[in-house]
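A, B, C, D and E are the chain letters, set down in written order, and residue numbers restart from 1 in every chain.
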């Protein structure tokens, strides 16, 4: 390839990281819910989409991106709580397939709900003032908003990591994921924990939605392709491993970006190839524990 | 006999092109209404049987089979993607049912897919992309980069743009193919920037176009190159917003703003506004109108609903329904028509519908199309 | 009443066949009935692996697609007779299953699903890129079979009713095969492995080989469904290979009742019929379908067929 | 021991097994003669189950060899062990919970006759069915024949575990704490069963119930910290000071 | 302290416990014995609130708890050691221990608690950072008991704690139970190791087919030849 320069490579890497941030965030929420509840949330992409719509909508009302950044995860989080309480809860103990089908159905309903509420074309989204335009990062000009995206993701990921590793809830979550009965017997109201985890997962999905919205078109179907991609990320990282989700998110972002540079038309395929290769070498994903999740 | 004339209308009411598709249905209903209000054909009214093909060729084929086998439709009009129109065409061809396609594709003109029952009311990439090339290369420069959706329709646009560009001495720096339906294009942009072309051609469509245009804007590409796109959709522009599309120019088959220059456009728009309280038709919507209207007009001209007679009547039809004079070329049944070059506005907009500035209208000419021989047809 | 159902359960292939003979008369149009046949078969083939071996594959669209494309390519590019074309499709799918299975069965659980998804996508791109053979995104057109020669007798394949019964013939053969497999010793081993791999190995069963064998059988059946679909639609859309298509098989199996013989078929029928009907009168069909799914999951956890069976107390050993 | 000129049915040569840095088994060598009944005892975590797992093919040893009838079988896969006639019951119950009791044993029993045939009806093979019924009678589970295994009480599952291990008609049977969780009454029944089994085939068992072992076997092997500690007749073992200290206690 | 009156319990449609009544006084060790499938585990599980359908009356210190959820019963001071141990896979020994007190408001210093436990089970302290489920069967049993005791419950329900434990340790364990008893802990013990269990118990019940068929003091039971013959041989 001609014109391959160091600057270009660096830009490409940075682009990959920005892209990977969204993947990492989405995968984090997905993996939290899967790891704890053993629920493959097929509506995760839909929550992402709802988050994007809410984000644009709240932005419209409040006129302030930052308010909207706070309101949106609350809204999708509450939606998540309701979902867990009334739809997912009756299914616990029935294996992995039923919640999958249920959340699949839910995703259809959410998509349709947004279509009816906001129209089928979707909403135009705008980059918040202050974060418009590009910035010189030494190797070239990079959109300010994407730099913000990287930073915001880092903060969120740190917060979640802290929650899981450094608080007792992390241990409860891990134990509850493996054996709910014993956790109950040890005095934990596991139902409440599940509720919170599901809500948290959906809040993070919504947050990724609003964070991603200025970079792409906001439309009812936007959650569908990204869902597949976040599954890939979760699996490459190792199901149920938050660290894995983050590392794999960035990895997938960078692989996508680098493939785009050299073999652009294979970019999409590259992440699936990456996943196949990782799993064939390490069947439990990069950070998954061998033997866990039979 | 007072049996209704049934027109099957498969189109993707749901999915990424649903906005365009629903507009197509509205406009097609207008054509039906006009036909019926005018007394129909020998007292026979027309009826539109709309089916959601979900933008899925398999579904489209099944739905078309349903329309033909169960509903016994007389003709089929519709579709909104190359793949579905080709699948509908394949089914219609096999069952010898007339199909007027209202979505862009080059393949459908070629002899392999074409049949005498195939009509193509929409533009095709050769015409649209060619027109955009002819407009922009002399004005903005000869070094071209393409960002192309990696599928037949994307490739066809590139081919047409290059073909027109070659005559003007344009060179291709790169043709970067992105996966269809990608939501992030940022990974392609640093390289495009480094290539520093005069023109960046976005050979994609719908949401891919919205996303790529938006991200090009974010990455500051517009400051160093002109961004053009063969198909600049009215609906995509509405969904993407003025910021993302600012300064982007492209081709289209119709824009309601034509009404200042073309009387039939005014008549059409007014009828549409009246029926749908003040809304204006979109480009693809308008095609729904034209697609149905030509077929029904041909029925009247042929004085028969017999398929072969209607085919002949269509071949001989010269019409001006909404955008100036048109006719179907004999060899491939391609509608010969104008291409409108528009640029997206970001200021001085009168209302929310006022999104484009018409730069020029490329007149109807067969010269700009691929020749019948090239397509494999005899005459 | 109950003994009547037990009779049906005992002769499940015969019963299904009789039912499917009259099926087109209760469907709104034949193309839909044929679609249901084809997807019912697809889901049944998938269920062999999912319901009976506990392996949730998200890559089965690959076999549907390989079957379709090879049959289509055989007819379009090599002017094969239909019989040969179907054979090529089925064998191709089986070989595809062998390769994919060989790689995928090293992983377990959700990882297995994801590897199959990834491998399925690789197959997708392979066919997508081989544009000259497959037509790429535009799909393969012109898979035309106007007349079928059955024992020297030409029949009009364009006649929807005739087409239905010809396709039914193949579906019945496949159903018979599936039924045999499930009743056989291999069927018992499959369930044992689903329950407890470690124990099954300790009982002397080669877990890897069994999984692979079933994977291949399942792929071949899905390939047959694909071949038939190519003949039915006369086109091969690229979506046949897409993972969303694999997802459909999953949904159909669960909706109908995974691990039951006829459940996936019921799932396919309900889903396609519903989609067809609902789409015709509202463009908000997705919401309706979504709600129906949720309803069934919440209130009919064993799937439609599974629930019927357990209401009738017929599902001992989940064999119907 | 008495039959000096016979080849041992099973021989372990310097078998070791490590998990990471931890050495669960170190250089264990011993032989088992055909038709004998041997018990392995040792403190919790001594490596008994690990030794069993290596002998039955659940995982290969880290180093060392295992010979079966004089043939090296180290590194063979689990299912091959079962086919050549080595069968094991699990310490932690490990059955097919969704299948019925009878199906559990039948599946295990079909290994010999009808492994992968996929075109004949399973009901057309009478042998596995009959064998399964016979084994269920032997372990007193015939009244639960058609119950779902997951619904059985713990002790009943333990009995099923043994029946399944017997189903593939092994010449060498490894029983990992067969009577754990059984009531005294049932333990007695199980003891009788093991005694008759030992007449037909070679049996090695791990047990913590000393009284049971004493009355049952002639030879006992003691493992401790993954190593061979002692070997001998029940009396010898009971009087071994070291064994008393680490394992038996004074009682 | 713990009182059960006419307890009935079901798995799906099968009526497993059919009117069980028993009582454990403060500071007592009571053994519940019976053949396999008699319903011993079921009794403990319904006491812990793990059975979907149950009827009757259960009280602890006079507080009725039949309608409480499992986790609420823990906070009433009930602790349970299940028969299959239920060590949480993927967690280390230490984390498994920590789970024992995780839901307590003021759970105190973990390392002090661990040290306390280590006095009884030194093996656990050696293996604090090993994955709990990779330990040997006996080690897992110790861990399960330790995990239940770490919360200092009022009543411990033990389901066959000696299963798979080596003889020396079994003795020690029973001594430990005796010691706990002296500290005022109340124990309901399900055991197959009847001889030893009875030695430390105050009273015992015999359960058969979901009903209490016999009840006496441990001493009397040890001396009752008929019962000995029937339930306590080996």
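By definition in this document, a residue touches a chain if its C-beta (ideal position, glycine included) is under 8 Å from a C-beta of that chain, and two chains touch if they have at least 3 such contacts.
Source: prediction; values computed, not measured.
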item	value
Where chain A and chain D overlap in contact partners, by chain label	C, E
Of B-C and A-E, whichever chain pair has more C-beta contact pairs	B-C
Separation of chain A from chain C, taking each centre as the mean of its C-alpha atoms, in whole Å	32
Rounded Å distance, chain A centre to chain B centre (Cα mean)	36
Whole-Å gap between the CA centroids of chain D and chain E	29
For chain B paired with chain D, centre-to-centre distance based on mean C-alpha positions, whole Å	75
For chain E, residues contacting two or more additional chains	none
Set of chain C residues in contact with two or more other chains	286
Chains that touch, pairwise	A-B, A-C, A-E, B-C, C-D, D-E
Parts of chain D lying in touch with chain E, wherever the complex brings them together	19, 22, 41-49, 91-93, 151-156, 158-159, 177, 180-188, 208-212, 246-249, 251
Residue ranges of chain A in contact with chain E within the complex	168, 171-172, 174-175, 178-179, 181-190, 289, 291-292
Residues of chain E that touch chain A when the two form their complex	48-50, 69-72, 74-75, 79-80, 82, 86, 88-91, 95, 98-100, 102-104, 147, 151
Touch list for chain A against partner chain C, complex	34, 40, 87, 90-91, 94, 96-98, 100-102, 104-109, 111-113, 115-116, 228, 231-232, 235, 239, 266, 268-269, 272-273, 275-276, 279-280, 283-285, 288, 293-294
Footprint of chain A on chain C - complex, ascending	56, 103, 106-111, 114-115, 117-119, 121-122, 125, 243, 247, 250-251, 254-255, 258, 284, 286-287, 289-294, 296-298, 301
